[in-house]
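Chain IDs A, B, C and D follow the sequence of writing; residue 1 opens each chain.
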Amino acid sequence: MNGDSVAKPGAPTGSVYDLSYKRYTGGRRSPAWRIGVIARYALVAQWKRRGVKVALGLGGLLLAGFSVFAGAKWAATRAFQAQGAGALVAELSNPNHDVALMALRAQWLPTVFLVMFAGAGAIANDLKAGAFQFHFARPVQVGHYLVGRLLGAVGWASLLSLVTLTLLAALRVATGGDVAGVLGAFAAGCVGVLLRLLALAGVALGASSMTRRQGLAQTVYLGLVGGTTIVATGLSDARDGAVWNALSVVGASTSATATLLGTSGLEGVARLAPFGSSLAWGAAGLLLAWRRLRGAEVMRG
Amino acid sequence: MSAMTVARVEVTRALRRSSSAGVWAVGLIPSAVGLVTALRGGSMLGTAAVLLVKLIAPLSAVALVASPVGEGYESRTVLYWFLRPVPRSRVVLGAFMGYASLVAVGLFLSGAVFALIHATAGHGAVSTLATIPLALAFEGAALTAMVLGLATLFPKWPVAASAGLLTLTEAVLPVMLGQAHLLSVSWHISHLMGLDLGTEDALLGTVPQVSAPVSVIAVLLFAALPVAAAVLNVEDRELQ
Amino acid sequence: MTNVARRYEGVTALDGVSLAIPPGRTALLGPNGAGKSTLLKILLGLVKPTEGRVEVLGHDPQRDPLAVRLRVGYMPEDDAHLPDMNAVELCAYGAELAGLPPAEAIERAHAALFYVGIDDKRYLPVESYSTGLRQRAKLAAAIVHDPDLLFLDEPTNGLDPQAREEMLSLVYDLKDRRGCDVVLSTHLLSDVERVCSHVIVLGAGKVLADAPLKSLIEHDDPAYELRIKGDRARFVEALKAKGCALQEGGPGPTLMVVPPALGDPSAIWEAAVASDTQVRSLVPRRHSLDEAFLKLLR
Amino acid sequence: MNAPTIELVSVSKWYGEVLGLRDVSIALGPGVTGLLGPNGAGKSTFLKCITGELRPSRGEVRLLGRRVPSLEMYRQLGCAPEIEVFFEELTAREFVVALGEMSGLSRKDAGARAEVVLHEVGMSHALDRPIATYSKGMRQRTKLAQALLHDPPVVLLDEPMTGLDPVGRAAMLEMIQKLGAQGRTVLVSSHILDEVESMTHAIVVLYQGQLLAQGDLYAIRAMIDRHPHRLVIECDKPRVLAQALSRELSVSSLRFQGDAVLEVETHGPDACYAAVPALALREGVKLRSLRSPDDNLGAVFKYLTEDPRKVRAEAQGGPR
């Protein structure tokens, strides 16, 4: 239409445009970006799910509660110190440690649920909706997909945990904590959060790659997380050895942080148990998911 | 006769499902815990029994029954049964017989292994321990009835509905209100097994004393109610 | 693709398959289990052939699968979307997975959805779509990253007649104006007759036919296919009187008649007028692709 | 035709405010009938009201004279619902045998019948593999087998062709025709019009929950007077033939396509079809072929559903 003779000046003109489909001539980014894309879309999709919002709400409430409690406790200890009641202060554990341990204990439940909603259903729903065909007919490899799903599973939970840690650390500094000590505790807390999310996400993705039914995947995930915690606490009470805590998927990270802070009561080789256990749970889950993905229907000729 | 066909089919399907094997393995954990502690000389009868009755039995009932039954209605495959000259109530009954036998046998085995270990480790006469497998099997059948009923009524979230109710009646309510123990199947069963769990008094109210026959009737009632509700509901339900 | 084979667990899915898929709209046919999906997966680099060499758009799918899948679009037979996503997000996601930056991806997504005719429903989750809309959404997702080659697996499956017409015209248009070659795998041979120019037939892992569509269905046949209204027996009498021969009947009420003079049905008309029967249709007997297909496989 | 096998008397069905069927009255007898309609026209609802899966909000459905739903009717009814999932863990044999038992056959009879029927539908090669491993085509055959096991006089098939490859389609087509020939009442819902046309000429067309057309395909075509009959004639002297035809009263328009094809529109098809060969012979015009491009199910369906409100309006009416 747009090649015809030049219209006479002043003559009325009109044109009809070609709205049909055109080729794309823009640039394309390298495959490494795929992981970020997969994670970003996963987080956006999860935000639509009621469960994620509810869990984040619960996390917010717990954060508020614990901040008030921590603030009051630290303020009180400072007052005692001022009046020289050293004995009483010694009895309360080093407040800096609270920053890390309290954050981990406060967000225990919401983190488990967040990873459950974001992770335990992820691959199962993908299996059901045929998302593998969608992903693997495109320039995406299993590795991209899995790491993307992992980041998607821990996205919201890590946000919640980090916000809690920072708030408590700031509060601690405000109530007279020495900055270096608080930073040390903060770092230990971060290691704990990292280990916990890795372990939980591994178990969630492993469980969710076993079935198409999201309900079953979530039950298996809760069963494992809940079961190992019950067994761990049961055994550690019965055998009064803190090392048993390492057994629990979610508890291991707390005792790992405690070990870093030197308050876990573990000596020698036992100090490594919590770290090893967290990494083991995470790796086992991811390997299982990887093997299931390699064997997925779309991969077999 | 046709109920038997449904039962046979449901059992065959369950046995071929990979998830059932997983649940049976979990069922043996308390026996393993019992074994480990028994060898170390401590008496783990209390904790291991609690695990079996309060956690393993409900967990296996939910895991083995809730999802497949819910799936049957959600994916409407149950239609293949309904488009036959057989009343729908018989299909529900057949499914119950199939799943109940599965869960009961599973729990009976777990109980038997558990009792055997404790007998050899010398922590209780064989006679008292014999009641454990039987009571567990009875609990398994009762819990199956409850889970099946709930999964039929709420096929969209079978696991959530059955797990939710069981956590309420078995764990949350008894802790809060002493009398609520009457609602708890596992409490009645532990009563029948001669283990007095839940003796620690609840926040308010006192834990009632109840004779064995009353416990049996209570459990039968808890089992019958959801199944009856399911049968009535399914009779004129239009599967959309 | 030269003598490609694929064996696993004792099953020979593909056995010495050598073919060159020409530009244009090519149909990939074959009974279930003939190896069609295996072939597609090898071309997409999802599956490694046991032996043989493969090349797609100049790349070897084994050595460089990402490069191949960058320029190829695949519309699978079954559902292929993600939970909780609407059509725009799905297409934009597909585009970003092919490397397009976010802004371009969204714009391309709307272009693709406009092209396949999903208008106001594009903001609803794909799970809520009817079969027809789902097929369109899958097509949009397959072309959003601007592929040069498109694999369509049963695109008209489950569509009602009108939606099927529209899907077929979309497929036709893809090659014509978009310059994007199409490989169509389907069981509906009537679709193939209307849209494809080249046909490849697989059977038990072997290539049974690899030829232009025309050569498969057009071959001169003396008989004429008739549909009449009126007294059938009387008409047959008249036909015999005029020296016409009757072949075994086609499906249903049609008659297969061979006139005495090759290529000249006037004897049939004379019989019709003589027995005053209405000839509702009289055409040279046409062999459908179905007949050619079934003949290949028996 | 003795008592109709399937009868609906002013049946309506709503799900909340969503319309399923609206005031449909129909009677179907033995033989194969094609159930057609665009997506969402109510085909599934129509079938489900007959199988008893759904209860009509108004009106009544009767099967072999007996009011639906009743338990006994399922002995005479075989249906293949459109669900794609089965008891995946079972094999086809176990699945069909179990359903046979539910239809009142003893385990032994069900086993024997299953063997026969599964062989008939072409499933003998995968009898004992779990259904989870089946392709779509094999699932369709298994579904048909469970519908035919108890030898029912009424068979309802919902899109039996989807997923079948051409070999399977040809076999299914043959089977359906055989069922019809055996005097059973077979109702087949499908979207593939050319396949329905090669199966039967008896059709039922639904449109947005209402019965739009029913009966013989060609009779219906003749009743659509919005679209006059079109004849496309290939001959050596189209203009000579056209001149002769122009005096024919039944001819309403003549059009030339190139120099060898004449297109004729007529409101009196019988008179016109009879006149064409007679005039051609008289004028010495050699007719190479004659066909009516819109005398097939595809065209009929398009004309019926393009504007169903005005299908029967007179040809020339309407606002200028």
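Here is the rule we use: a contact is a pair of C-beta atoms (placed from the backbone, for glycine too) under 8 Å apart; a residue touches a chain by one contact, two chains touch by 3 or more.
Computed from a predicted model, the values in this text were never measured in an experiment.
Student: Using the stated contact rule, I'd like to know whether A-C or A-B comes out ahead in C-beta pair count.
Tutor: It is A-C, judged by the count of C-beta pairs in contact.
Student: If we define chain centres by averaging CA atoms, which chain lands farthest from chain B? Would you check?
Tutor: C
Student: Per-chain C-alpha centres versus the global one: which chain is nearest?
Tutor: Centre-most chain by C-alpha means: C.
Student: Which integer distance in Å separates the CA centroid of chain A from that of chain C?
Tutor: 47
Student: Quick one: report the Å distance separating chain B from chain D, using the average Cα coordinate of each chain.
Tutor: Centre-to-centre distance between chain B and chain D: 50 Å.
Student: Please report how many Å separate the Cα centroid of chain A from that of chain B, as a whole number.
Tutor: Between these chains, centre-to-centre, one finds 34 Å.
Student: So which bits of chain A are touching at least two other chains?
Tutor: Residue numbers touching two or more other chains: none in chain A.
Student: Among all residues of chain D, which ones touch two or more of the remaining chains?
Tutor: Where chain D is concerned, no single residue meets two or more other chains.
Student: Give me the residues of chain C that touch two or more other chains.
Tutor: none
Student: Any two chains that touch count here, so list every such pair.
Tutor: A-B, A-C, B-D, C-D
Student: Would you pull the chain A residues touching chain C in the complex into a rising list?
Tutor: Result: residues 19-24, 26-31, 33-34, 37-38, 41, 44-46, 48-49, 125-126, 128-131, 133-141, 298-301 of chain A touch chain C.
Student: Touching residues of chain B toward chain A in the complex: what are they?
Tutor: 18-19, 22, 26, 29, 33, 37, 42, 44, 47, 51, 55, 59, 62-63, 66-67, 70-71, 157-160, 163
Student: Within the complex, which stretch of chain C touches chain D?
Tutor: 29-34, 130-132, 157-164, 187-190, 224, 229, 251-253, 264-266, 269-270, 272-273, 276, 278-284, 290, 293-294, 297
Student: Residues of chain C touching chain A in their complex?
Tutor: Against chain A, chain C makes touches at 6, 8, 13-14, 37-38, 41-42, 44, 46-48, 65-67, 69-70, 72-74, 76, 78-85, 89-90, 93-94, 96-101, 104, 108, 111-112, 114-115, 127, 141, 143, 145-146, 173, 177-179.
Student: Which stretch or stretches of chain D touch chain C in the complex?
Tutor: Interface residues on the chain D side: 37-40, 135-138, 159, 162-170, 191-194, 198, 201, 218, 270, 273-274, 277-278, 280-281, 286-292, 295, 298, 301-302, 305.
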